[in-house]
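Both of the next two complexes hold chain A, though its partner changes from chain B to chain C.
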Partner chain A sequence: MGQSGEGHIVKQFDADLMQLHGRVLEMGGLVSDQLSRALKTLDDQDVDAARAVIERDRDVNVLELRTDEDIAKILARRQPVARDLRLVLAVSKAVTDLERIGDEAIKIARMTIEIYGREASILPGNELLDDLELMGHEAQHVLRGALEAFDTMDVDRAMSTLGMQDRVEKTYKAALRRLVTYVMDDSRNVGHMIQIALVAKALERIADHARNVSQYVVYCVQGTDIRHASVHMAQSGR
Partner chain B sequence: MRTVSVENEVVMADDGTVEPAAARRATIDRDNRETVGDVTARNPRMRCRDVSVFYGDKQAIHDVSMDVGNNEVIALIGPSGCGKSTFLRCLNRMNDTIDGCRVTGNISLDGESIYDTKMDVVELRAQVGMVFQKPNPFPKSIFENVAYGPRIHGLTQDKSELEGIVHTSLEKAGLLGEVKDRLEEPGTGLSGGQQQRLCIARAIAVNPEVILMDEPCSALDPIATARIEELIDELREQYAIAIVTHSMQQAARVSQRTAYFHLGDLIEIGETSQVFTNPRHQLTEDYITGRFG
Partner chain C sequence: MGQSGEGHIVKQFDADLMQLHGRVLEMGGLVSDQLSRALKTLDDQDVDAARAVIERDRDVNVLELRTDEDIAKILARRQPVARDLRLVLAVSKAVTDLERIGDEAIKIARMTIEIYGREASILPGNELLDDLELMGHEAQHVLRGALEAFDTMDVDRAMSTLGMQDRVEKTYKAALRRLVTYVMDDSRNVGHMIQIALVAKALERIADHARNVSQYVVYCVQGTDIRHASVHMAQSGR
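This part shows the complex of A and B:
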């Protein structure tokens, strides 16, 4: 797991922690896939695939429950301290964020059904959906970065994803501004605009949850809680 | 341009990437044997500076400095043979009784060096009481076990005053309710946990300032252990307490400060909450997480 030091004298403790760490990666892989599929349903206008995404969220929830059970067992049986304790806490928080990413992915799938699942529905123009594609890529990028950082417990990798999340935030704000101009051009867009704004919000939330996962990596390795540390933008040229 | 945040924890570069300004709590390498952490206590009762202990030619403790603070429990932890018990025994000169044992450095109680030639060792051991791993009541009655110390130190004028001290001490040790109707029965007839509390009452009876405990619960069951731990927490309000324990959970439960010893060196000392969540030395972390023993 990228940390120095020997294994525990009690080998089973190593195995327990390894399994816990693995759960985050397993769950991360699953929600990452859910997100990709949800975005694809939008692109493909595939209502059936969207329903499948919603159905599959059950697997995400099951993984969350299992992980919580494992955590309770480890706390009761091993009383972890120091970096072991930090890992258990980090996993506990990470799975909560990952589960929420799963929930946000469902919102995207629901929009596919909402827009393309009705007969005689007016379809949104591509210009409305362009921002979602970009945000989708960015959110996936942040999530991948966070999961890779968690996999290897790499603080540098984790810190670099924090900056990526900032970009998602900017894209989100730009997208909202653009959506408003489309509505002003043609008020019939307002229904789609609201749907698309909600999906954009979901993607922004996903990147935010992924950033949290990166922050748990820093906490786990360094013992530093950076969740509310202010990150100032460079002031150059201003 | 790189901008450092107010908290000085995160740096963001022009391209938006963020990196830690510094690993604030970087783990200190195993080979570094300097003490990490603050050795001082807020309200020190005992001050130990550069204490070394030799058994003949063999050095068992290397330049250990730490305070034992009033109204706090400091836990001394570490693997067997790390010197924690040896160090504890320096604090009331119990090592004097061991042939060939030599202590250097300075240890003071309320500013007075305890190794000064003028120091009355019997008086010192009353002021710095000790409770051992195995309960060791005298083969006398419960009453006499507690009354013995005040009597030889001349702390009382008459019998009623002595009875008062015995009752108060037993009460403080949480034992009075269980033994008040059988004070004349032998102390050795009590259960292990009760015997240990009797030994604590015996230490308290002579008005100590500091109480040293050398694995006081290792021979007790979990219930008796919990009672002693609760008692330690109550005694903290009046005394300075140093406890040697092999149970890391016990150290985490009862102490405010923790000192980790390794092969005669004091490796790390700090607030117990910090040591158990975020130790700064690799050796401390390896030990408390069970990576070596």
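This part shows the complex of A and C:
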């Protein structure tokens, strides 16, 4: 095969990789939007909008399936190595996390329907939902940071989002403690308690999945797998 | 390269794939054991055993990291195609789910420490923990079914475990409903309520991750991605 033929294949390959990379951003944008909308349905007490969020999860799932199909094709036809291979593997992991962020987002929408979707149900006290709003903003912040890091393959940006997740964890634990006191003060809230705890948990999971995406950026660029960092330290210390 | 040389490479490749396949079973066995032990710590009110379960999560993480390293090496050096490639991709997804099953299992151990680890804390009523035991057995059942299906690459076995997950989902929802009534009956239980709900959630997640492993068996053998099956139906109906 002549030089121009090879050049063409390389170019096509770059286009394939760029498309894969873009797929993460597309899917990330979609689930980030799903998260914003889901949080807004709770704030607006908007049951119809909540149903629309749940319906739209299908788009997230379609993107995941298509990306995994593309990954299998690229691996079989192009047989990438080194950083190209790491990008493909990073995308493969990232779409799983993004799909799960989508799943967690629709749980928030489900709670909106659960609480505001029936006549004459007891509404939760406002202070119960305040922590969810705070956690929602924090989780959204981690997710956006991770997606920006993935967009520019910026290791420093990725590393800085890793720390943000700790704040979400802190807010989460404080929220659970407050939840118990609110229910002790007013036992009419008991029916909402589990729902709210599970949604707080969902937001904590979202931030955790977003952090994973940041870790894949580091893996992709540097070739080091920084998940379970204490394991690495323990291994190198042996 | 002569015939015998090629034969040697093919043989080596099979050995690599077999090792990857075995890694899923090894990791699956480990997290299944972690789950059993974690449930037992709750039953035995054994805080020391719970700490040992948490400590042992490191072994799960080491297996995940090693397997992902092996996958990158096999893809770069062997460039598998067709079913071989699907096995590698299935293993890549499966180890992520198994690692998360390990993470969920240690949450149960953490609850044991939370409840029984301090002097003079109010113990939860037995009926609160009964549902967790039932869910634990059901989740374990789904996980074992998925691992058996993966071991023998048995599509029928895999498909039959997909249905089991529905039962866990049902038990989970019933458990949450009962939890609310127990707390309404005896408000001293309120402090345990969120913990128990989150552990019920963890068990539901374990069954869900196990179901994913069954889905990878189908993908590996048949080449069809059956996650989000309704999406497929909607797409083919377009």
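List of remarks:
Here is the rule we use: the second predicted complex is superposed on the first by the 220 of 238 C-alpha atoms of A that agree within 3 Å, B and C clash if a C-alpha of one lies under 4 Å from a C-alpha of the other, contacts with A are read in each partner's own complex, and residues count from 1 in each chain.
The rule is simple: contacts are C-beta pairs under 8 Å (C-beta built on N, C-alpha and C of every residue); 3 or more make two chains touch, one makes a residue touch a chain.
Here the structure is a predicted model, which means the values were calculated and not measured.
Residue contacts after overlaying the shared chain place A:58 against chain C, while chain B stays out of touching range.
When both complexes are overlaid on chain A, the residue A:15 reaches neither chain B nor chain C.
Of the two partner chains placed by superposition, only chain B is touched by A:7; chain C is not.
When both complexes are overlaid on chain A, the residue A:82 reaches chain B and chain C alike. Contacts of A:96 after superposition: chain C is touched, whereas chain B is not reached.
Of the two partner chains, neither chain B nor chain C is touched by A:122. Once the two complexes are overlaid on the shared chain, A:197 sits against chain C while remaining clear of chain B.
By the document's definition of touching, of the two partners only chain C reaches A:187; chain B does not.
Within the superposed three-chain model, A:68 lies in touch with chain C and out of touch with chain B [touch as defined at top]. Once both structures are placed on chain A, chain A residues 79, 81-82, 85-86, 230-232, 234-235 are touched by chain B and, in the other complex, by chain C. Taken together, the chain B residues at the contact with chain A in this complex read 1-7, 9-10, 12-20, 23-27, 248-249, 252, 276-279, 282, 284-286, 288-293.
Considering their complex, residues 58, 61-62, 64-65, 68-69, 71-72, 75-76, 79, 81-82, 85-86, 89, 92-93, 96, 176, 179-180, 183-184, 187, 190-191, 193-194, 197-198, 201, 225, 227-228, 230-232, 234-235 of chain C touch chain A. Taken in their complex, chain A has these residues touching chain B: 4-10, 13, 79-86, 155-156, 159-160, 162-164, 166-167, 218, 222-224, 226, 229-236.
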